[in-house]
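Have a look at this one.
Should a chain be cited, it is by its letter among A, B, C, D and E, assigned in written order, with residues numbered from 1 in that chain.
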Amino acid sequence: MAVNKQNHKSSSRLKLLLEKRHIWFAMLSIAAVLAVYPFVVMSSSSSAPEIVPPGGSHNGENVEQPIEFPHNTHVKDNGINCMYCHTYARRSKVAGIPPTSKCMGCHKVIATDKPRIQKLTEYWEQKSPPPWKKVHDVPDFVHFTHEKHLKRFVFDQDFPVENVKEVCAFCHGDVENMTVAHKVKPLNMGWCKTCHINNGGPGDCWACHK
Amino acid sequence: MSKHCVMGLFSDFDEAFAAISDIRKTKVPGVSVDDVTLKSPIEHPEIEEVLGERPVHVQKFTLFGAIFGVTFGFFFLAGAQATFLVQPQGGKAVVPLPSNFVLMYEMLIFFAVWCTFFAYLFLSGLLRKRHTLYSEKVSLDQVGILIDVDEDCLEPIKDLFKRHKALEIREEVLR
Amino acid sequence: MSLENLLGNWSQYRKGHEEGGFHDYKHLWGMAIDLDICIGCNACATACYAENNLAVVGKERFEKGQAMHWLRLERYWDQNELDHPAQGASFLPMMCQQCDAATCEPVCPVAATYHTPDGLNAQVYNRCIGSRYCSNNCPYRNRYFNFYSYYEDSWPEPLNMQLNPDLTVRDKGVMEKCTFCVQRIRVAKDNAKMENRPVADGEAMTACAQACPTNAIVFGDYMDKDSQVAKLWKKHQVKLRLTKQNKENPELRGYRIFEELNVDPSVMYLERVREEV
Amino acid sequence: MYNEKDINEQIAWAKINADVLRSMENPRKGYWLAVLICVLMLICAAFAEYIQYTTGMGPANLNNPHMWGMYISTFVFWIGMSHSGTLLSAILHIIHADWRKPIYRFAEAMTTFSLMTAGLFPIIHLGRVWNMYWVLPYVSDRGHWPNFRSPLVWDAFAISTYLSASMLFLFIGMIPDLAICRDNAKGWRKKLYTVLSLGWMGTDRQWRNFRKTYLLMACFLIPLAVSVHSIVSADFAMSIMPGWHVTTFPPYFVAGALYSGCAAIITLFVLLRYFFRFEEYMTTPIMEKTCKLTFAIAMVWTYLNLVEFCSVWYGHDIYNKEVLIAKATGPYAWVFWIMIFCGSVVPFTLAVQKLRRHMPTMFVVSLLLNLSMFFERWMIVAPTLSMSHDPHQWDIMYASVVQWAIVFGSFGWFGLLFLVFVKIFPSVSMYEVKEMVFHRRRHLVNEEAAARFHRRKDDSQTTTGEPGLEGA
Amino acid sequence: MSGKIDRRNFLKIMGLGGAGTALGGCDLPSTVTLEEGKEEVVSYLMPEEYVIPGVGVWYASTCAQCAAGCGIHGRVREGRVLKLEGNPDSSMNHGKICMMGQSGVQAHYNPDRIKTPMLREGGNLVAVSWEKAVGAIQEKLSAANGDQVAWFTGTLSGHQAALVSNHLEALGSRKHYIHEPINASVWQAVNKDMLGEAMPRLRLDKAQMILSFGADFLGTWISPVHFSGEYAKFRKQKRRGLLVTIEPKMSLTGANSDLWIPAIPGTEGVIALGIAHQLVKNHSKDMSSLPASVQGLINKYDAATTAKIAGIDEKRIQRIAELLVERSPSLVLAGAPVEGQAKGYASVAAVMLLNQLLGNIGQTIESQGSFPFNQLKAKTGGTSDLFSFVETAKNKQLSVVFFYGTNPKFTAPKAMEMDSALNDVPFKVAISMFMDETSMAADVVLPAASYLEDWGTHVAAYQPQQTAISMQQPLMEKLYAETRGFGDIVLDLLKVAKKDVYSAFADYYAYLKNAHAALPAEYKEAGMTDGDAWSAALQKGLVNVATGSMSLPVKPVSFGDPAPADSGGKFAYHFVPSARLGMWDGRHANLPWIQEAPDQITKVVWDSWAEIHPLTAQKLGIKNGSIINVESEHGTAKVQAVLIKAIHPDVIAIPMGQGHEEYGRYAKGRGANPLKLLNPVKEETTGELAMYATRVNASPTSQKEVVVRLGASDTQAGRRFVVTVPVEQYQRTEGA
């Protein structure tokens, strides 16, 4: 390899290149593209009263529950409203797990022969509720409240309450078709924040962190 | 006709200087001063008297880096500040220029320095495979002259080197 | 969003300068503390411990100045007293003054402390990295730092069952301070919002104001012109956004501490009164 | 009185190579002992940091008024130290003071290493160290950015810029020397230098670009160094705290930085000269010049100190004044007066020629100067926190064992880096000494020729460089 | 109330999940704490009525942290009580609460609570079952002669007091010792004699001037929260009320006075007489209705004599008399330093005489009216029962004693030999939440439920404008299954002692509900069932009681010369065991909030200390923070010296409350107990312990410690922190 020669040649080519004016435009346009990227990161539509469901997906782990509760049977096959069991959702920050008595209300007579129901009955008789595992868990410093989200997306919109599962699905996914619930949305801050921006939610940090 | 590369080592710079000026003067056909490379343990800017002016372009990259740094700095900072959902303002500007100037200044220098560095690596032909015709004595105290010549000019050059009391002459065939 | 946000904020900034900054706030929580009837009984400070999950640090750490009292009751003696403090002691409940131009805010490297749209000076614990600059830049020295994981020994079981679940228990390395009981404000605002009505005066109440046996601490919304606190500020001719108050009646008792530093605190104190006998 | 030359221009180039390369070989027992000491110091710091990491900032004795302690003052100290390289190398390079050539390399290394030490302190002092990267502007889905108005973010930017720039400066300046090392080394060193020298051959093209790059770097390094220490001063000056909110802080900090940098150069000068037998390169006249420079900076520092006191005094800001009075009379008075004595009185020894030619004296003096500078930083950080606006929170604070251990260990860390450096990299710039020798010899030859031409007899006085200060 | 265990389970797991710690130690919060299936969420077995997880509900109850009986609201969430606030319906505290009341939750959740009954076996207290513990008690009770059984309690009122009385009655004993170290017993005795009513209603809000002789009504006197509210009204009157305090060591009230005058304890009576002298001589107040002996005393203490004895400037005395006349109606009060002397009764009577002379009675001192339910009235006490208990015990006249709500082993002076008296009682039953000193000495310890998990009623001794029976209801399930409410324990005793009456009640709750149902019809709204009325009472937290209005007849009281007689001998300094709001008599020393709350005056935390005037300290060679020995005839206390000007130079004060030998991790081994030093001097008329009559000496040791206190500077260093303006300016702008 004729290094020396090569060097001279390349340097003279470069010299040509450098003397051309348009190189400056090229360089500055690279700079401009790079410089606006923070704008691009956050760009999205402005707040509006209509509902923009949050996107995003998450491949949740399969959580082992004491009883493999089949959400599909209850919601899809039997058409039970989410808030029938998760009754606190409209009144409190937590949606609540139904008390065992509520399960037993039906299952004293329904499907008593199924092993899962027998397990439930066992818990009931031992007077200890099943130790459910938390699937949708946000960090302790996040103060999410179901009550206000339902107000925003259901009650303020005159959204039919019987279809509330569509709103629940924003964050909990298609529970209707799940057996044991698992996480299908990221539930992380960026995700929450995007939804807040799209739906005109508060942008104040203290809205969630106290 | 194959190309050859010759290197002569000289005990001091004055000898090398004289040798190059001889090359320039004698005008051996097929040998151009442009093909001469001086290898020295220290810098000899005065060699340009005989080698001819060879321009340096590093500063242009530096300028580019500086301009890029300062514009990027501004847009980056302003963009980031504008995208805070809640503006920590307390009645103060969202894009506060005085404090942004500080960071723009730093970014100017940051990019300028790095651009200079990479331009230097690029323009001085570093980071390449080393020429085989290299004597470790160049890094000690001797001065080398490297010249690419056609085969037929080889001897005159060697003679010229010898005339100038070259301590050692090496050659190599270029492919 | 972002560009819009930028422009919107820019105009807000301009407007802020013309009209005094806080006019776009929906609420501006403020306080008025009457030092004449503050008896220095510590009820407010203890209420703060109870409400805000404040760690009890113990004697050794208290000695080192690592206590976590968000509200401290300062006690001063007259400078020119002779043998005895003939006019008693001066008590001063000192909590975060929720400055409108807070000096702590611009210095936080990660923007963990910022100004909320309620005019509060917020501290986001989970964003804080513990550089402690905010505390250094607070002339009131009202920011407290978690020098240890206090929760480990401050609430031995079952004392931890008392912890207020509405706010975070802070771990080591995090700055914290008085929030004007933001969780209580939040509840009041939420209740009002659920019922689609404005927040009533006295509905949002800090724990200290709630406890104060003499009602020396008055808390409320400065933007609500009918609130007790707004009336008091008005009565004492103290205005926000001023470095120096231009009172028609300079004898009125309202004043703000370190007003001259231009930090624009949201707490107005009323001067202590003593009768020369 | 003393008419020595900066350097013996007749010194053979081969000897230069040999001398410097010798210094990089065969560490003696003393070297390993020094390494061991440094490692032990570092272990102290690591242990202290472990305690602090696991239990919180409490063991450091920080408290409500004193949210910052010796970590920050040591941070400022090391940042200040880092200005030595810039001063000696960049500034003197630009003004063509060629006497810098034998000593700038280690000064530059000092710059880099003290920056690497300084940069640790803001991290160590964080309450939640594990989240330190939040200060950097990185893209995340949360859309979080640091608060660019905070001087601490400026610090992060400035230090990273300064660190990368000074490392590049050090590295670029070392490439020709690395090539020399490459040509003389064997084994792993050969590989290392081959990689690091980036294929340097000393061609005229490389030299041309090299010279330009080096000059450009130097040009950027000077304003950068000034801005870095101004930004460090902004950590204080941008606050509203009495004693911190001072307009003269940026120049005061820069002067202090140059001062401590110079003092540290003297210290290391003496040490290297003694341990590596560099007497021929680190000569007494060069020491004298360094001392004179230090003396000048010491006087600038003294002046700025006085200006600060005066402006506080005449400004009549009560809080500021209180802090100033407390500095001089309060619990930290002993620190203050040691700082004044060592920083403003002791440097007069540098003006005495006899003393400044005496290496052991200069070693001690330079340590005293650095002590003064260390105390100066403490006097900046502590009294303001102890005596700020709210008298209710007044307090006195001395650093705890944990703080001391980490500060102590930082010296070990710096020492270790430096010790590794001197054995791996040439601590005297060989090619530049050669240049210096070359040019001086050529100058001498010309002078002699001129002298012969003018038939002057007396040519003994016409050595190059400046003559010594007569009978100081 | 279904599923007790489940609910508690729920609390512990789900509740704490919500409260939990926030910022996990070294984790990156955003990555690590977003977890799935790691945390358990426990549901109810049965839905709890009224309980919505995540929503706090406020329930009314009554504070039992001191005897004042303020109404409280407790915030309950997920079955846990989280915070206590004042009950706005209570005319006692109008929704306000003091630091002690706030700390009630810490007593309730205290980690050092007794969880099981304990029985002394082989010298040690061992955990036993309730059956065994109660069996042991019943065994001793049946063996004992009825009159040898006694109850030793703190102030009791409401149905608890009634049950205790009934228990004693059933056993045929009249021995109910009631002990409160912080009391107003002598003042009450004087009132009883003078006004016919021990606890008249004080109208601070109507007074133009209050002259307080050591009555710390803002801090520790009778009903501090109520008086604080009244004080605010007193200050905010059209003409701002004037407060003058005369006391040996600055109390919280003293700290808020317009004029604070330090006085040697014991000379207050003389000062009062000196003022009376001025009133009679210069302001033509009529003293003709007074007994001749009193007239003689008034004549005796002219300004010069008073000034000489009390060490107060003559002009001050004249000026105070002038002000009292000028600002009528006024209110003159006497507190512990006046009472706590051998001649305490005379001193208090001399002070109350001023009210009589000034015509305040009927103006600012009103009758409480007659309370219709005599059995529910507060049973208050002081320190005289300590003497009688020790005497009776030493005479071996006691075989079984029940202790509740008091800790005499801690509060009795060493010289009283309480320890040996307790040893002389063969069987002691302590009903307590904590292992305090007395419980440690008991033979059976019964774990009491906290007042936040217990039922009860309270009728405070001092009733504000609206008299009420305060309701106490559990705010949450019992924390420990083995604890029992005090009412239940006494009821169980009564079920044995008086089976025919009490076996009808399943538990104390049933008893109370029944008692409420038995209230006259005017206590229930028309058309309400008993159940509704009961719910309404619980919801409001009180039952208002109509009291007949009564006037106070003033009876002249004759008393002796209150001038102090003794010189103290070799002990040069007057000793003041001062009371602190918060620590009280030491019963709250186990609450971390109280320990960490700075003392109001000295701002010291977590310790006890001796307050000394700087001049005295200089004389004794004591520096701030020196460890000193405070030595009385009966003991020595080693404490830290705190130099403070807010004390008479002849006085050394150590606050009460610390110096526990037991009482849990926060109290144990902290500071010194000043009560141990006291001389067992009796007040001559009432037999109370003269707590302020002890003389001490102080000497420095070589040790010195940092005073751990809040705040560094005693002065504002020129800052505008607390700005004080003269009252004239206030009147120009806001008052009058």
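In this section, a residue touches a chain if its C-beta (ideal position, glycine included) is under 8 Å from a C-beta of that chain, and two chains touch if they have at least 3 such contacts.
The shown structure was predicted, so the numbers you read here are calculated from the model rather than taken from an experiment.
Common neighbours of chain A and chain E, listed by label, are C, D. Upon removal of chain B from consideration, the remaining chains are still joined by touching into a single piece. Centroid analysis (C-alpha atoms only) places B farthest from chain E. Remark: among chain pairs D-E and C-E, C-E carries the greater number of C-beta contacts. Among the chains in view, C has its Cα centre nearest the centre of the complete protein Cα set.
Centroids of chain B and chain E (each the mean of its C-alpha atoms) stand 89 Å apart.
The mean-CA centres of chain C and chain D are about 44 angstrom from one another, to the nearest whole unit. Note on chain placement: the centre of chain A and the centre of chain D lie 52 Å apart, centres being C-alpha means.
Put simply, the C-alpha centre of chain A and that of chain B have 56 angstrom between them.
Those residues of chain E in touch with two or more other chains are numbered 18, 20-23, 29-30, 711, 713, 715-716, 718-719, 721. In chain B, the positions touching at least two other chains are 37, 76, 79-86, 88, 99, 123, 125, 128-129, 131, 146. In chain A, the positions touching at least two other chains are 7, 11, 37-39, 41-42, 139-141, 145, 188-189, 193, 197, 204-205. Taken in their complex, chain A has these residues touching chain D: 7, 11, 37-38, 41-42, 188-191, 193-194.
Chain E meets chain C in the complex at residues 11-12, 15-16, 18-25, 29, 56, 77-78, 80-86, 93, 95-99, 102-103, 105-106, 109-111, 218-219, 224-225, 228-229, 231-232, 235-236, 240, 242, 244-245, 250, 252, 254-262, 319-320, 323, 479, 581-582, 592-598, 600-601, 603, 605-607, 613, 615, 645-646, 649, 665, 706, 708, 710-711, 713-716, 718-727, 729-730, 732-734.
Every residue of chain D that touches chain B in the complex is listed here, in rising order: 12-14, 17, 137, 143, 145, 147-149, 153-154, 157-158, 160-161, 164-165, 168, 172, 175-176, 179-180, 182-184, 198-213, 216-217, 220, 223-224, 227, 231, 234, 431-432, 434-435, 438. Across the complex, chain D is touched by residues 13, 37-45, 47, 51, 54, 56, 58-59, 62, 76-77, 80-81, 83-85, 88, 96, 99-100, 102-103, 105-107, 109-110, 112-114, 116-117, 119-121, 123-131, 134, 136, 138-141, 144, 146 of chain B.
Taken together, the chain A residues at the contact with chain C in this complex read 38-39, 42-46, 139-141, 143, 145, 147-148, 151, 197, 204-206, 209-210.
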